[in-house]
Structure formats: C-alpha cells, structure tokens
Amino acid sequence: MNDLLKIADKEFNSRLFTGTGKFSSNNLMSEALKASESELITVALKRVDVDNSQDKMLQSIMRPKVNLLPNTSGVRDAKEAVFAAQLAREALETNWIKLEIHPDPKYLLPDPIETLKAAEELVKLGFVVMPYIHADPVLCKRLEDVGTQCVMPLGAPIGTNKGIKTLDFLEIIIEQSNVPVIVDAGIGSPSHAAYAMELGADAVLVNTAIAVSKNPTQMAVAFKMAVEAGRMAFNAKLASVKKHAEASSPLTSFLN
Amino acid sequence: MNDLLKIADKEFNSRLFTGTGKFSSNNLMSEALKASESELITVALKRVDVDNSQDKMLQSIMRPKVNLLPNTSGVRDAKEAVFAAQLAREALETNWIKLEIHPDPKYLLPDPIETLKAAEELVKLGFVVMPYIHADPVLCKRLEDVGTQCVMPLGAPIGTNKGIKTLDFLEIIIEQSNVPVIVDAGIGSPSHAAYAMELGADAVLVNTAIAVSKNPTQMAVAFKMAVEAGRMAFNAKLASVKKHAEASSPLTSFLN
Amino acid sequence: MNDLLKIADKEFNSRLFTGTGKFSSNNLMSEALKASESELITVALKRVDVDNSQDKMLQSIMRPKVNLLPNTSGVRDAKEAVFAAQLAREALETNWIKLEIHPDPKYLLPDPIETLKAAEELVKLGFVVMPYIHADPVLCKRLEDVGTQCVMPLGAPIGTNKGIKTLDFLEIIIEQSNVPVIVDAGIGSPSHAAYAMELGADAVLVNTAIAVSKNPTQMAVAFKMAVEAGRMAFNAKLASVKKHAEASSPLTSFLN
Amino acid sequence: MNDLLKIADKEFNSRLFTGTGKFSSNNLMSEALKASESELITVALKRVDVDNSQDKMLQSIMRPKVNLLPNTSGVRDAKEAVFAAQLAREALETNWIKLEIHPDPKYLLPDPIETLKAAEELVKLGFVVMPYIHADPVLCKRLEDVGTQCVMPLGAPIGTNKGIKTLDFLEIIIEQSNVPVIVDAGIGSPSHAAYAMELGADAVLVNTAIAVSKNPTQMAVAFKMAVEAGRMAFNAKLASVKKHAEASSPLTSFLN
C-alpha cells in the first residue's frame, strides 16, 4: 500500500519523526535513530557547532533518506526565531525549520503570538515552517492561513511523557486541518503514539521517551512499530465504541 | 531476544491471542487470523459442529503452531461449564479450556463465584484452565491458588471496544500474580493492546476489534505489531511520567 | 422535596455515610462527623472496647438520628466475619453490619467469594447486611439475590483517594440493581462524591478524605454539600455531553 | 470565614458566574439565576436591545448585588470586539467586558491572537477585561502582562458539557497566574465545577448546563453548592492520592 506522507516537496515513508536531545551518548543516539527508521530528525541549532562542518552529532545522525530538521529551541520571541532559522539555513543547508518559541524555562510551552508572527515572516523568507504549538484549533487554522506546511500541536507538556492529554482539541484540529497534523510533545510510550495515529494524526514526533529509555534502540523499534500499527488501524477503520456487548453468536442450547 | 510466553507446557512466540466470533465469513476470518500470527485461538464450543470432524470453521483456522482454545461461552453456571469443557475436550482433543461463565446476556460479564467453583473442579479433572474474569485482584489470587494456569481479567465490558478501563486493578493483578496475566475483553484498538502490554500484561486476547473492522486482515497486522511494540517497550523500560519538562540541553546564548 | 434514602427499615436524610478511622483525635472526629450531618457512621469492631459500654470513641460519635454501622474490618474469611458480626450485634445492639472481608493487607481489596458466603449466612441470621465489594455487576446481583439490603461497590482501592475509577461498572450496577447502591472506597474529594451521585448512586461512604484533611470539619461540610449537589443534579437531569457547541443564540449582525 | 473573590475593584461572595443563553424563557432564567446566587452574570450584547433601557431580559436578571458582564460573543476579530465593548459600555453603563472572539461557528473556540490584541487595546481604553481563551498557559501570562484583570481558560469546547479536559494546563495556569483564574466553558455538571475549584480555580462560569437542564432552578442550586464545596475543600486541603491503602488501624487479634 502506498501511504506516503507528503510535507512541502518531500515524501516520507516513516510517520515517526524523532529528536536528538537527552541521549546519553552520540553512539546510542545514532543506533536508536537508525533503528527508528525515522526520516526526519530534529536537532537544536544551539547544540550544533555551526562553524564546524564535521560536527560529531550531525555526523552520527546522517544517513541516506534522513532529513535534518533544525529547531529554534532556546529562542524567546519571533525576532530571535527568525534569526535562528536563518543561521540554521546557512549552517545546515536546509530551508526546513521547526519553529519552537517557549519563553518559560519550566514547562517549555509554546508562545502562540510569537509563533504566528515568526511563522508568517519565515514563510515569506522561503522556509518550510513546522510550528510547535498548543493544541489550539484556531491557532492551527491561522498558521495554515499564513502558509505553514504542517502544524505540530502538543499532546502534553513537553518532556512529561503524559501522552495524549489534548484529545478533544486534537480531534478538532485533525478534522479541520488542510495541512498535515503532527503530534509533538508529551508522547511517552508506543501506545500513546499508536493512539495519536489512530485518531488520524499524520505523524508523531518522539524524543524524550526514546532517549531516556534503558534501551533506546529497542524503544525506537517499539515506537516505529506502534506508529505503523496506529496508522494501519486508522486506514482499516476502528470498530466503534459500544455501550454494551453484542453476543458474538446466538446462545444455542447445545447443553440441553 | 528470547521472550517466549509459557502457559502450562506450551510456549508461545506471539502474545496476541485471538477469537473467532463476528467475522463476516470464514474466509475473512482465516486470512485475518493467519495475518495476526496468533498461536492461540479461542472458539466457542457452541459454534462447533462437535459431531463433524470436518467442521468448516475449524478447518479454516488450523495451521501449524496454532492451538485451539475452546471456550464455554453460553454456559450460565459451574455445572454447565464443567460439562461443556468435557465435551470440548472430547470433540477437539485438547485439555485447554477458556472458562467463561456470564449469566447476563446484555453485558456478558463473568460470574466470580461460579468461575472459581468451575475452575477448581476443572483443574482437578486435568484441564489447563484459562478463566475470563473481572479485574478483581483477590479473585485472581484465589484462581491461582486452585491451580489455574493463568488469569484473564477484562479491560472493559466485552464487545465495547472501550479499552483499558480497569487500569488501577490490572496494575495490582500484574504486581501480585504468579501466573501469566492475559487482558481479555474491551480491547478495541492497537493502542489499547500496546498499553496493556506496556503495563506488564503477558498477553492480550482480541476478537471483536479485528472481526468487525472494515479490513480485518490489516487490523490483525496492526494488532500484531502493537502487541510486539508494547512488549518491547515494557522490556526496554518506559520513561517515567514527569510533572514538567527538563530542558533537553542548557539554553546557550548562541543568539547573543 | 422528599428524597429520603431507605435501607431496610430506616430512612436517611443524608446520603453521606462516614467512617471513623484515621482521625487524629476523638474530638476532631466528633466535630467533623457532626458537621457532616451523616446519619450512618461505620466503626471497626476491632477498635471498640466491647466490654465497656462507656467506650470513648462511641460516645464521641453518638447523637440523635445517628446510626452506628459496625464493620468487620480485619477479618479474613466468611467464618471470622460471621463471628465478628455476632459480637458486634451483642456489643453495639444493632443488627446492621458492614461486611468487609479483605485478606490482603496492602490493598485491602474485598474477597468476592467469602463476602457472598458470609452475606448469605448473615442474612439468615437476621442481619441487615451492607457488603463492601469490588464494582462487579454480577456479584452485586448475587448479593441482592441472597438478601443484602444494599451493595457497596468500590470507586477505587480504599485509602487511595483516586476517585471513581470503576465508572463503566458502576453504571451497570446502578442500572441493574434493585437495592440501594452505595459507592464505598476511593472517594478522595467532594467532586468525586458529587460525581458518584450524579451517576445515580444512592449514597457514598467517605472516611479517609475527611479524616486526614488539614481541616476535617470543613472538609466534612464540603462533602455534605457536594453529595447534596450531586443528588440534586441527578434529580434535575444533567445536560447531555455534546460533540460540539450550539451557538447560544443566532449570530446577529448588530455590528454591521 | 472571609473568602471573598476580588476582581478589579469588586468583591464577590459567590464564585459561580453564570450566563444567560439557552434558557427556554426569561422567567425560568430569572428564577434559576436568582437561585444560583451568582453575582456576575454575562449577557451577549447582541441579545440586548441596546436602545431600550427597559429591555426585558436585563430586567429579569437584575437584583441587588448582581453585576452585569456584557460579552462580545459574535465578533470575529479584535476590531469588532473593541467596537462591541464600547457599545456595551455605553448601553449597559459598565466598563466590564467579557472578551470572546471565536471566528469558527461550529466549536466557538477562541482566537488567541485577536483576543490578546483586543485585550491590550481595551485595557488602555479603561475596561476591566475578562478574556475567554484556550487553556494556554503562555497566553494567560501575556494577557496578564497587558493588564487583564483575570483569565478565563476553557475546560472543554463550549456547550459540550465534557468537563475539565484541560487539566494538565489548568494546573499550570493556576500555578503561574497572578490574576484570578476562572474556568469557562465545558463545565457540564456540579462535579465538574467542584473539581475546578478543588484544583484552585478562583471561580467558574456555567451557562448551558444550568439552562438546558430539565429543572434549571434546582440545577442552579446544585452548582452553587458544588462550587462552595469545591472551594471549601481547596481551602481545607485535599488528601493526597496514594498508590495503596494504609490500614485504618492496626489489625488487632480480637477474633482469636
């Protein structure tokens, strides 16, 4: 079955996007990300040595079919975000940018105002913008209106592993969106990832849950399979929730 | 990795057990069950033509490595259950029995008293007893005490596809049990199955959610992958749930 | 409005039943239970000095309209329970008994088999039996069948304050029961109590959540009000859950 | 106990704010709102006959201690909102305004960008601004920064009666806010309202759940009591959630 995900001009076989934070070593990260079969990997610009084309972390990620997605993590407003995106474009030679603007250092929650402002400007500057945002359906529509190529609503506060805590809003976003919906942040286990896909999300982004596992590579495989399972179930249509059982067959009187 | 599930004297590669109710045709069932790679398939004795060794339904299920698990669905008390189990043993040449006693035709919920009584007697009669029960930790211990080879607590009322609605009790059962814990009933999507496995369940039994899907074979594959993903995640240890984020790296001042 | 709760031959104005464990002093307990306006208060037989009619704890509870409900907490099987109930009847001069049989000292979860056995015997011995049980709809029907005057399914493991974690089963119990349904155990806040009442429970029993509060008397009043609020809402019929809004009025063009 | 809620220069005895939509008659509304003891009642400007000081609906609401809170429901952007607020100030002689900007007619979800823009301008124009918003912690801080006197995050999409579906975010908002937090939208039953108050919300706004009940007056009383109960419980400090029971007293050997 051909079930590719298309964002801007790129097609992805894998609907599992991954991140590079919190791994205990570059080796472990490299092995886990390879096992995940992820084709889009986000990397914080602030962690890249932009003056060094031999940056160790980047080298440990890159493989054929893998696309780098620099992110603006660490910026506090639209102006800083736009500057960071431009730096990233130059250093990493990609016009894709994961837009993250979270002024609060405790919960790292995104700023809707600055994100929209930066998105609008970055689109004009020719970027493929992937904005990390609250699961706010109206904001999603506004981002789509200014030309972002997808929206990335959160499932729960980043790093909490709480799962899909924004269900009622994700459902609306998925219903209304004309661009791919990628659930970002909060996904702490393969079942969460499968659930997001069953709801109709186009992809998920997972970082912490893989990176901090006792066995990141095995966990990466688990996420890969769960994302595929959730997508297959979405395509095959899930059974509806019922209030009570329907006997699976007439109760015959074979005992009498 | 060797991660076989052992029940009584049998070992299973697959932790996805399946059922045979509600499929729209034997062909569809056959194809879906094969795709699921399930090695233990339950079949209601009442649906088998016990006098006909060429029973079509059974023929459509059997493959190498597949074990039949007759169930007593339709009986109302311990006496009927024991009688049905004996019939099944003779007709299907197996001493394995899935013990289901549900007097109420609407919700098909199991009777704890009759189930324990029948289990005790069936164990004495040499059966491998797999009892379908409420997620009642004390009942699980009592069944284990009379010699059942596993326990099969429900996730939600059967046929409802509601998922894991007995979480707080499943966790206790898994913590306390010395026999395999198989979550039976209520599992309506791959994410539910993955979740049960992540909690530490030893296996899940899925029927309705596969059988009534628009595409049972694809759904069977989705469940197969989700169960494997959940098991892998359990083995690799999930990240713990946090109250808030920890910044994935120091916020450097690269922008200044 | 006359909305009394009747159990056996007694009528209750208050649908908040209370317990006597874990209070830091008899004085605090006395004040809190008075403030709760509870008319049925359970007391562990093991904590009563049965040879002393001047037992301090009992004296601190009793007021006009208050009924004592001895419980069998601490017994491990039906035989011990029946013996304890008889002791209680003699010592406290009441034939009401809260039947609690929980062999496991960690979770204090009830034993369905021993509870049914003891209930049957106690009913024959003339007791008004109020059994504490898992939220198991089939067990509830069986207890009703042997003559218990109510059923007391748990909301969550006792002492956990987790709230209503057995929703799907409580709904079935309430739908099917011909005797009052009293949600016992797990209720940790007034909102939990209100929720149980909104579902159609006839009463709730609260102990830990009042006793261990920083201000037990104020918490007792909060529970009293929440139980009344939940009952009123049940009687007034709650609005149904909708998938989306209906605009509260036509969107007129007053701005144009 | 003195536990008044202060917003701007006004003090409220009641923490239940109410609305005026969807009642089947002015009489029923008048009776229910009186029974609720609410002291702040919101009214859609679009529903008021602004040229008629004898407007029937307004007359049916007003009582001593009741404050009218005009809302901008029906506007689509900041400009319309500011205009509507000015109209309301003139017509209803109050500088309080509930700011609602929801461009989508199906879910009526608020627009974060337009809301912040309008809020900033309205504060400069001397309004007491009460903004209805998504449960977005960063947006709440930004609104506080421009001078709104409170924030009104939603519990669930308006009119759905789904309850508190934004828990993880409301907790952060309550933790971080320096202005009162009023949970608006989604509250469908008294238990939901009590729950919001237990979390530490300063007030709740309820409309649909009262208006569409079979008995609005009784439901209004139920909400009033639930809000008080939740507030009392918050002040008295709730017991913490535990993983398992602690036996309520030593298990003595009275039976031996």
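When the chains are written out, they are named A, B, C and D in that same order, and each has its own residue count from 1.
The working rule: contacts are C-beta pairs under 8 Å (C-beta built on N, C-alpha and C of every residue); 3 or more make two chains touch, one makes a residue touch a chain.
Remember, predicted model here, so these are calculated numbers, not experimental data.
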item	value
Inter-copy rotation, chain A to chain D, in degrees (Cα atoms; steps of 5)	180
Interface copy of C-D among A-B, B-C or A-D, judged by whether over half of the contact pairs recur	A-B
Chain B and chain C: spacing of chain centres that average the CA atoms, whole Å	34
Distance from the mean Cα position of chain C to that of chain A, given in whole angstrom	46
Interface hub residues of chain A, defined as touching at least two other chains	107, 157, 160, 162
Category of the chain touch graph - line, ring, star, complete, other	ring
Set of all touching chain pairs, with the criterion as stated earlier	A-B, A-D, B-C, C-D
In the complex, chain B residues that touch chain C	102-104, 107, 109-113, 116, 134, 136-139, 141-142, 156-157, 160, 162, 165-169, 172, 176
Interface residues, chain D side, partner chain C - complex	19, 21-22, 44-47, 50, 73-75, 80, 83-84, 87, 105-108, 157-162, 188-192, 194-195, 198, 207-209, 212-216, 218-219, 221-226, 228-230, 232-233, 235-249, 251-252, 254-255
